[in-house]
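The next part holds the structures, each set out as structure tokens.
Each of the next two complexes has subunit A plus one other chain: subunit B in the first, subunit C in the second.
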Partner chain A sequence: MSGTALLQAIVDGILTGGVYALMAAGLTLIFGVMDIINIAQGVMVVLGAYLSYELSAHLGIGLLPGLLITVPAMFALGVALEFFFMRRLREQDRTGMSILITFAVAILIEGALSAIYGVDYVQLHSSYVDKSVYVLGFYLPYIYLIGFGLAVALLAGLYWMLYRTKFGRAVRASLQNRTAADLIGINVNRTRTISVGIGVAVTAVGGMVFGATNAFNPNSGYDLISRLLAIVILGGMGSIGGAMGAAILMLVVSDVVAVAWSPTWAPLVFFAALVIVLSIRPQGLFGSPAIRAQ
Partner chain B sequence: MSVGVRRASAAGALALALVVFGLFPVVFTDPMATSIAVFTLIFMVATTAWNIFSGYSGYLALGHAVFFGSGGYTVALAARDWHVKGGWAVFALLPVGGLVAAAIAIPVGLVALRVRRHTFVVITIAIFFVFQLAAFNLGFTGGTSGILLPFAPFAAANYNQPFYYVALVILVLTVVLSWAVRRSRFGLQLLAIRDDEDRARGLGVKTWRVKLIAFVISAFPVGMVGGLYFYFLGQVFPQFAFDPLFDVSLALMGFLGGIGTLTGPLLGALVLESMQQYLTQSFSGTGTYLIAYGVMFLAVILLLPRGVVPTLAELLANRRARAAGGPDTTRDATVRGGVAGVAR
Partner chain C sequence: MKIFRRCAMAGLVVGAVALLAACGSSSSSSGSAGTSSSPITIGTSLSLSGDFAADGQAFQKGYQLWVHDQNAKGGLMGHKIQLKVLSDASSPAQVVTNYQTLIGSDKVPLVFGPFSTLLTAPSARVAARYGYAFVEGAGGAPAVFTQGLHNVFDVSVPVKLNLVTWAQWVASLPASQRPKTAAFATVDDPFTSPQIPEARSILKSVGVKTVYSKVFPMEVADYTPVAGQVASTHADAFVLGSVDVPTVSAFIHSFIQQHYNPKLFIATAGPDQGATFVKAIGSGNENGIFVPNGWYPGFQKADSQQLVKEYIAKYGGTASGVNADVAEAYAVGQVLAQAVAATHSLDNGKIMSYLHSGVTLDSVQGPVKFNSLGENTAGKTLTFQWQNGNLVQSLPTSTAGSKAPTYPKPAFKG
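Moving on, here comes the complex of A and B:
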């Protein structure tokens, strides 16, 4: 393997890792405020990709302007999910029930997508999807750059919202202690609803970039959710910074493995890393020990 | 009702169930009915076995397809490499499938049981995907096309019957196993872990060992019926052997009937699997089927979160208490942990 191919793999890994970081940040935000793992996050990314596909292929709206429609749509889906299902869970057996409920939602979305689009693979196309720019000896496809740029901007926005605004303080308060947050006058239910909406809304962006860089069908959600789960656990559940770090690390490692060994086994890296890390540090790379009790 | 009467009526119900299940393929000879019955029995075994770990310990495992698929591949490979002829001899390989599944459960459990709650669930899902990936890509699994099992030379008219009775025997043994675990000191330790793991450990339960043993026990029957299932289908493929829907099906069936009870998983699997098989054999198109499944799933969780058996048992206990003139205290008393004690 040449040094250039290796470097190219690392650069690709960082660029795609940014998009995975965004999707994983949404997943970990929902976990943080709701104590719920959204198994449907993967298929929601695929749903976001199909929304972009529908807009660009049939209505002639470009991928980037289309986000102005798909992001609010996915936000509304997240709000509905919280309002109709997550809120109704009782405190006991919450862990099991929440995972089953989001799994059921995932099956429902997958079924609807299969009924509409069938099992054929599709991919998003646009003028900037297939072109690349040559920088310092690397070919960088525009879509990777756009995806990475969007992901960084949105993650920065998410960070700003969580740590610099009043709403963010409310989110963090409800995350730490629901009862105390209630007592000081935070509307915990509304905070949770909006947080889940935001956590799901990021899948619209993730879906657009995923759909432009990979061929997908309604089944693609399983592959995605398994990677995203590996990332959030590696990063430490509920830690947004950890999710970002773990996403970039894992994508770089798996891209390097794909180049150095074989693309078939690259996904194995995710799970192998997960098993090794958990055997040594059950709380994840960046998590606090209290997470272990979870 | 006195204990003696209750025990006698339970024995009567058991005998009746055995007669009904024993005579089913004799009365209903339609191949569609008997094949639905075979699939249903297989899922009753798998859900009961899953419940031995997940129901009693409270750890929700969503990766039992690992054991199902491993059992299937083991039986297929053993039949091919040992040149086993189709027919009854292949059934003798099923315990080998169970043993391999149980052996795989040891390292899987060693990793997964280091963590609790959400993380445990996610780890079981992740390990499941490792096996799926391996089944698609390793050389000896035959890739996407899988491995053929020997053709069973049973008479066409009664082709399903041998599979049915083998599944029934495995089911009876698995239910006995589940019952024995539940009644034992070991079962009490598992229930203690479900109720409060840290306190159980404080009281001297070797929680880690107990969980691992239960995990391995629960893998064995799933591996056996995995072998049976793919012998019945005639071929083992990765997308059937390692199917994420299998993982959630077991949980759904368990939750519908009532997890942690002996009869709940049996009832849940009986209702859901027969219905599901009937729907798939009557309608085509994966999309509509998945939608129906998702809706049913949500309805069960939202409307009957504790399952049919515990809910019924509680209703019955309430009525009995009211008939005896006592105050209605069962509701509070059974809400936590006690549920399984009432519902048998």
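Moving on, here comes the complex of A and C:
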């Protein structure tokens, strides 16, 4: 194996890791705010991809401008999900029950998509999807550069929102102690509703990039969810920066193993690394022990 | 407001329950042959969701079209036929449960096979335990035939030989035109894995150097390292062992991004999916790509042409949208019907003996004759190529209806 091939694998891993971070961001945000494990995240990514597909294939709206429509639409969906499903869960068994309720949501969304689109695969197309730029001996695909840029911008935005704004303080206060947050005048329900809305809205962006880099159908979400869960667990449940770091680590490890050793071993090595990291740091790479203790 | 909320919640719950019920099994009533007026139920498990959903649903359409046509001819031994389909979600574990249910609990008198070698191998063992004939159309890999089973009969051509026609054509090219190097990448699947060594061996025998050969898992987070390595070899020929459209699409998009355009590109599955394939990879990128198969919508045979017409009449679309899965499923029904008619019986033992007797049967895919393993030795593998936006029969060049292959492959449109 040449040094060039290894370097190419690292670059590929970083860029693709950005795409996975985009898809996982909503999952870790919703867990961080509500202790809810959103099993529907993979299907929501696919839903985001279909919304972009609908706009681009049938209305002629480009993938990036289309986000101005799909992001608010997914925000509305997130708000509805929180209002109708997540809010009903009791505090004591919220995390466990959330797996069941979000699985039901996944089946609902997948069923609706299957009824509308069938099972044929589609992929998002745009003039820049297959284009690439030649830099220092490597062809870097525009779509992955765009995905990585969006990931950095959105995750930085989420981080800023959570740690530098009054709303972010309300979110973190609601997570740490609901009763105390209520007593100091924070509208906990509204804070959580908006947070879930934001988490699902971010998924619209991840869905667009996923759909432009992969052929997908309504069933594609199931392949995604295990990887997304692995990323947020490795990064630390609830950690926005952790999702980015873990996604890049996961993809770089997978891609380097695929190139240096064999593609067959890439998933195994990643999950072995996941087990090793969690045995040393149960809260994940960037997670807070307090969250794990809850 | 409370009433509105309760109504909305109730609506959602009812919807969820209805959807869950719909996801369980899609099918007709159960029951077995009894009185002369009672229908015969044929059971099958199909991948109506999951990785093989597109193929599974195409198989369902093929089975349904056969049931419709056979019932129009009077059914089986005077009984109307009903099809009972259970969904296996593309899971090898679920398919076993489904056939145990169909045979052990529902006591259907006859069964059809599922989609893919991956699911046929374990389900054929279940059918064998109950003494059932297992006629199938999409389990053609050695993994199915090396289990020592006496009950399995694949109406399609054994997949091990799928790439041989293409490889022999490449080998027959004048030395000056023949590719000098070849790259091979295949998904770890019993359908694809046996095909690659056959092709590689033929190409190697005429001096084509293998510059890359790797196996990658079914669930891949990122195809770019494998595709990137293939691109970096600048191989003249690329052979992809694929089972679906997304895999082929990922490689093609990556090749375009890496400015790599092999002179020859063949994939074991994916390009046969017609308009779906073109939609995924982008119109214009399909030209020059080969795919092996046993059937295509333009196949010159009366019952095949009739099947295409019926499919379009019932499901809409155009001929190019009818993929080979439909014909494979239809052929399963045809072969079983001939066995029942010849034995005048629904007895699975008699049906198996008849199918093993060396008789040559007829199907929309052409002749069917089983060897002792249950492989169809009478069928021929054809190779198709996308030319000017149409999937056309191109190999063997001597076969009626073949169009000369386009070589080298036109550049990707991008």
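As a working rule, the second predicted complex is superposed on the first by the 271 of 294 C-alpha atoms of A that agree within 3 Å, B and C clash if a C-alpha of one lies under 4 Å from a C-alpha of the other, contacts with A are read in each partner's own complex, and residues count from 1 in each chain.
In the analysis below, a residue touches a chain if its C-beta (ideal position, glycine included) is under 8 Å from a C-beta of that chain, and two chains touch if they have at least 3 such contacts.
Everything numeric here is computed off the predicted structure, so don't read it as measured data.
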Classify the contacts of A:Ala104 with the two partner chains as first (subunit B alone), second (subunit C alone), both, or neither. both
Have a look at where A:Leu274 lands relative to subunit B and subunit C in the superposition and call it first, second, both or neither. first
Is A:Met237 touching anything from subunit B or subunit C once the two structures are fitted on A? First, second, both or neither. first
For A:Ala153, using the defined touch cut-off, is the partner it touches subunit B, subunit C, both, or neither? Pick first, second, both or neither. neither
Touching partner for A:Ala215 - first (subunit B), second (subunit C), both, neither: second
Tell me which partner A:Leu229 touches in the superposition: subunit B (first), subunit C (second), both or neither. first
For A:Ala76, decide between first (touching subunit B), second (touching subunit C), both and neither. neither
Is A:Leu68 touching the first partner subunit B, the second partner subunit C, both, or neither of them? neither
May I ask you to decide whether A:Ser132 touches subunit B, subunit C, both, or neither, giving the answer as first, second, both or neither? second
Those residues of subunit A which subunit B touches in one complex and subunit C touches in the other: 104, 107-108, 110-111, 114, 119, 222, 264, 267
Listed in rising order, the residues of subunit A that touch subunit B in the complex are 31, 35, 37, 39, 85, 88, 90, 92-93, 95-97, 99-101, 103-108, 110-116, 119, 222, 226, 229-230, 233, 237, 264-265, 267-268, 270-272, 274-275, 278-279, 282, 291-294
Of all residues in subunit A, which touch subunit C in the complex? 4-5, 8-9, 12-13, 16, 20, 84, 104, 107-108, 110-111, 114, 118-123, 125, 129-132, 139, 141, 213-217, 219-220, 222-223, 227, 250-251, 254-255, 258-259, 262-264, 266-267
Where on subunit B is subunit A touching in the complex? 60, 62, 111, 114-119, 121-123, 125-127, 129-130, 133, 137, 244-245, 248, 251-252, 255, 285-295, 297-298, 301-302, 305, 335-336
Please name which positions on subunit C make contact with subunit A in the complex. 8-9, 12, 15-16, 19-20, 22-23, 49-51, 53-54, 57, 188, 214-217, 219-222, 224-226, 228-229, 232, 244-246, 249-250, 253-254, 256-259, 273, 276, 279-282, 412, 414
